[in-house]
Amino acid sequence: MITFDDVVKVYPGGGTAVDHVSLELPTGRTTVLVGPSGCGKTTSLRMINRLISPTSGRVLIDGQDVAQQDEALLRRGIGYVIQHAGLFPHRTVLDNVATVPVLVGKTRREARAAALGLLERVGLDPALAKRYPAQLSGGQQQRVGVARALAADPPIMLMDEPFSAVDPVVREGLHREFLRLQQDLGKTIAMVTHDIDEAIKLGDVVAIFRQGGTLAQVGTPQELLADPADGFVAEFVGRDRGLRSLSFDTAADLPVKPVPDDLELDGAGRPVGWRKTNETVPTGGTFTKTDSLRLVTDLAILSPVGIAVRVGEDGAADGVVRHRDLVDHLEARRSS
Amino acid sequence: MNLSYLFDITHWQLDTAGSIPQLILSHLWYVFLALAIGTAIALPAGLYIGHTGRGSFLAINAGNAGRSLPTLGLLMLMVTLLGLGLLPVLIALTVLVIPPILTSAYAGLRSLDQRVVDAARGVGMRPWQVLFKVELPMALPVLMSGVRSAALQVVATATVAAAVGLGGLGRLLIDGLAVNDYSRVLAGAIVVAVLAVLLDLVLALTQRWIVSPGLRVTR
Amino acid sequence: MITYLQNNSEVVLAALRQHIALALIPVVLGFLIALPIGYLGVRVPWLYHPLVNVCGVLYSIPSLALFVFLPVLLGTKILSPLNIVVALTIYTVALLARTVADGLRSVDALVIESATAMGYRRVRRLVDVELPVALPVILAGLRVATVANISLVSVGALIGVGGLGQLFTRGFQLFYLEPILVGIILSVLLAAVADLIIVLIQRAVTPWTRFAGSRA
C-alpha cells in the first residue's frame, strides 16, 4: 500500500502544487489520479519515487517512509512509464527493456533473455527487439515503455499519462492490453491522466484532484458516477454520467421475458433475426449475463423492434428485454 | 611582457604612415572589401539553392571544403600565380568568405519550418515575397552565424596576408618577427585579437538588432 | 608536380608527419579537456552563458596572434612547436566545450527523467545515457575542430613550425608553384581523410542515428 500522509508541496516560486493530501493506494489495485492541469496529480505521483520531495508530510510504501530509503534503490523497485515513453534512443528495444535488470546486477545475457519474453507479454513482435525506438510507431514505443517498467518485476508501477500521446484507436488497444496485463500481474499501480473516461475505465480507485492541489473526491468509478461529492466532481465526471454508470452494473439480475415467436432461431436455438412481414432483419447483437447494463440499453435502443436479446453460454437465445423492462429495473434498483 | 611598442604614443598618430590606427583602418578596409564581394557572390547563390533545392550538394559541402583550405597556402598560391599586389590577396580572402556564407544561407532556408513557408504561399504571397518577407527574415540567425565566422576568418587571414605583402595589422607581426622586435609583434597580436573580438561583438549586436524578437524566444 | 614529389619525397613526408602531429595532438588533448568543461556548463546552469561567451572570444582570436602571444604566457621559445600545439588545443577546447554542453543539453529531458526514475545514479546516468545520446552532436563538433586544425597548422610556418606550411613558404620564397600546390592538396586531402575517419567512427558507435527522423 502506498500512503500519502498529509502531503504538501510548495514550489520556491510560491505556487502550492499539492495541498494537504492524504490518500491510500491499495496494494494490487490500480489507483488513477485525475484532474485538470495544474491540480498536483503529476507532482503527487512523482513524490512516490522521489523525483520530487514533499515540502511537508510523508509518502509511505507499506509503512516505510520513502524519504528514508536510498533514492536509486527505491526507484529500481518501482516501474515508471511516461508519455512518449522516454525510451533511450541509443539502445535497441531489447536493451531498453533490459535496463533495470542490468542496473541491479543481472548479466546482459540474462536480462536480454527475460526482456524478450516481456516483449511478447506486452503484445510486441519479438522481431522488433533489434530495432531502435525511432523505428517504432507511437503505440509500439508505449508498449516498450511498459515492458521496460515491468522488466525488474517491481511490485509498484507509476504511470504518468501513459496513453495520451497515441491516437484513439491505438489507445483503445493499449487499454485492453493494460487491463489484461493487470489482471495477470496484480501490481500496485498509480496512474495519472487528465482523461476522466480513461480513469473510470482503468481505475479500481479514482482520486479526483482539483486546481490548487486538493483532493475533491476519492472512490470507485461507480461511486463517483452515482454520487459525486460536489458540483466540481459532477461537472468533471461529465453530463451523461448516469448512462455511463450503467457500465459497472452487469445484467446478471436483470429480469428477462420469454423469447417471442417473431424471433427467428437457427437449428441450435441461436438468434438469426426478427421476422417482419416479408423479410428478416438482423438483431444487431446480443448480450450475456456478464455484460453491462449499458450494453443492454444500447442494444435495446438500436434494435429494429426495441428488444435486446440475451443468449446463454452456448449462444442460444434464452430471454429478451424491452425498453420499459430496463426502465422498471433501474427504477426498482434505485428505490431498494 | 614587453608592451613598450603598444604604449608608445608615437605609434598612435593617425597621420603617420604605418601607425597603429592606420593599420587598423587598412585592415578593416580589406576585411570589408572581401566580405562585401564574397557576400555579393555567396548570398544570392545560397538563397537560390536553399529556395529551390537545386545544387544542395554544393552548398552542404562548401562549408567543410572551405574550412579545410589552408589559408596561407591559398594566399601564397594566388601571389605566386598573379604576382604581388592587392588583387591576388583579395581574391584569396574572397574565396574564404564564400563557403561559410553560402552554406549558412542554404542551411538557414532549409532549416525553416516548412509549414510556415506553406502558410506564406497559402495566403497568396508570390515566390519573391515568400523569400524576402518570410524565408530570409527567419533564416537570419543561421545566416548571421555564417557571416560572423566568415568575418573572423578574414580578419585572421588578412593578418597572415602581411607575409605576402599586404598592409594592415599583420605588418606589425611579420615585420616585428623579421627584425626580432618582439615588442612590436606583441603589439600586433594584442591589437588584432582585440579587433577580432570587437568585430564579432559588433556583428553579434547587429544580429540581435536585425533578427525579429519573435525568433529569439525559442523554448 | 610528380617530379617535384619524387625529388623531394623526404622533405614532403617529414612535413606531412609534422603536420599530422601538430594538428591531431591538439584534437585529442582539446577533446579530453573540453569534456569536463562542457559537462560543468550543463551541471551548473548559470555557467552556460559565460562558457559560451568565453569560448566565442577565444575562438575569434586570429591564429597568428595566438601563436606569437603564447611564448609570453608559457615562457616557451617563439620557434617552439609547443606554441602551435597549445594554440590549437585552445581552439579545440573553445569549439568542443560548447559543443559538449550543447550536446548534453540537447538530450531529451524525458529520457533523463526516465533514467533517473529507473534508478540510475548521476555518474552512471552520464556515462550510460547522456553522453551516448549526446555523441552525434559532440562528434559533429569534433569533425569541425579536426578539419579546422589541419588547415590552421600551416600558419605556423610563419614562425618556423608549420608542417606542410613550410612547403608554402618555400615555394613563395622561390616563386615556385609546385611545393605550394603539393602542400595545399596534401593538406586538403589530410582534412578529408580525417573527416571521413570520424564519420566512419560515428557510424560505428551511433548506429541509432541512421533511423532518427524516420518517425516523428
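A, B and C label the chains in the order they appear, each numbered from 1.
Rule of thumb we're sticking to: contacts are C-beta pairs under 8 Å (C-beta built on N, C-alpha and C of every residue); 3 or more make two chains touch, one makes a residue touch a chain.
As the structure is a prediction and not an experimental result, all values here were calculated from the model.
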{"item": "Chain separated most widely from subunit C, comparing mean CA positions", "value": "A"}
{"item": "Chain occupying the middle, per Cα centroid", "value": "C"}
{"item": "Subunit B and subunit C: spacing of chain centres that average the CA atoms, whole Å", "value": "21"}
{"item": "For subunit A paired with subunit C, centre-to-centre distance based on mean C-alpha positions, whole Å", "value": "53"}
{"item": "Rounded Å distance, subunit A centre to subunit B centre (Cα mean)", "value": "61"}
{"item": "Interfacial residue positions of subunit C with respect to subunit B in the complex", "value": "56-57, 59-66, 68-69, 72, 78, 143-144, 147-148, 150-151, 153-155, 157-159, 162, 164-165, 167-169, 171-172, 175-177, 180-181, 183-184, 187-188, 191-192, 195"}
{"item": "Residue numbers on subunit A that touch subunit C, as the complex places them", "value": "49, 51, 71-78, 80, 82-91, 99-100, 103-104, 131-137, 148, 158"}
{"item": "Residues of subunit B touching subunit C in the complex", "value": "1, 64-65, 67-74, 76-77, 79-81, 152, 155-156, 159-160, 163-164, 170, 173-174, 177, 182, 185-186, 188-190, 192-193, 196-197, 200"}
{"item": "Subunit C residues within the subunit A interface of the complex", "value": "108, 110-111, 113-121, 124, 129, 132-133, 135, 206-208, 211-215"}
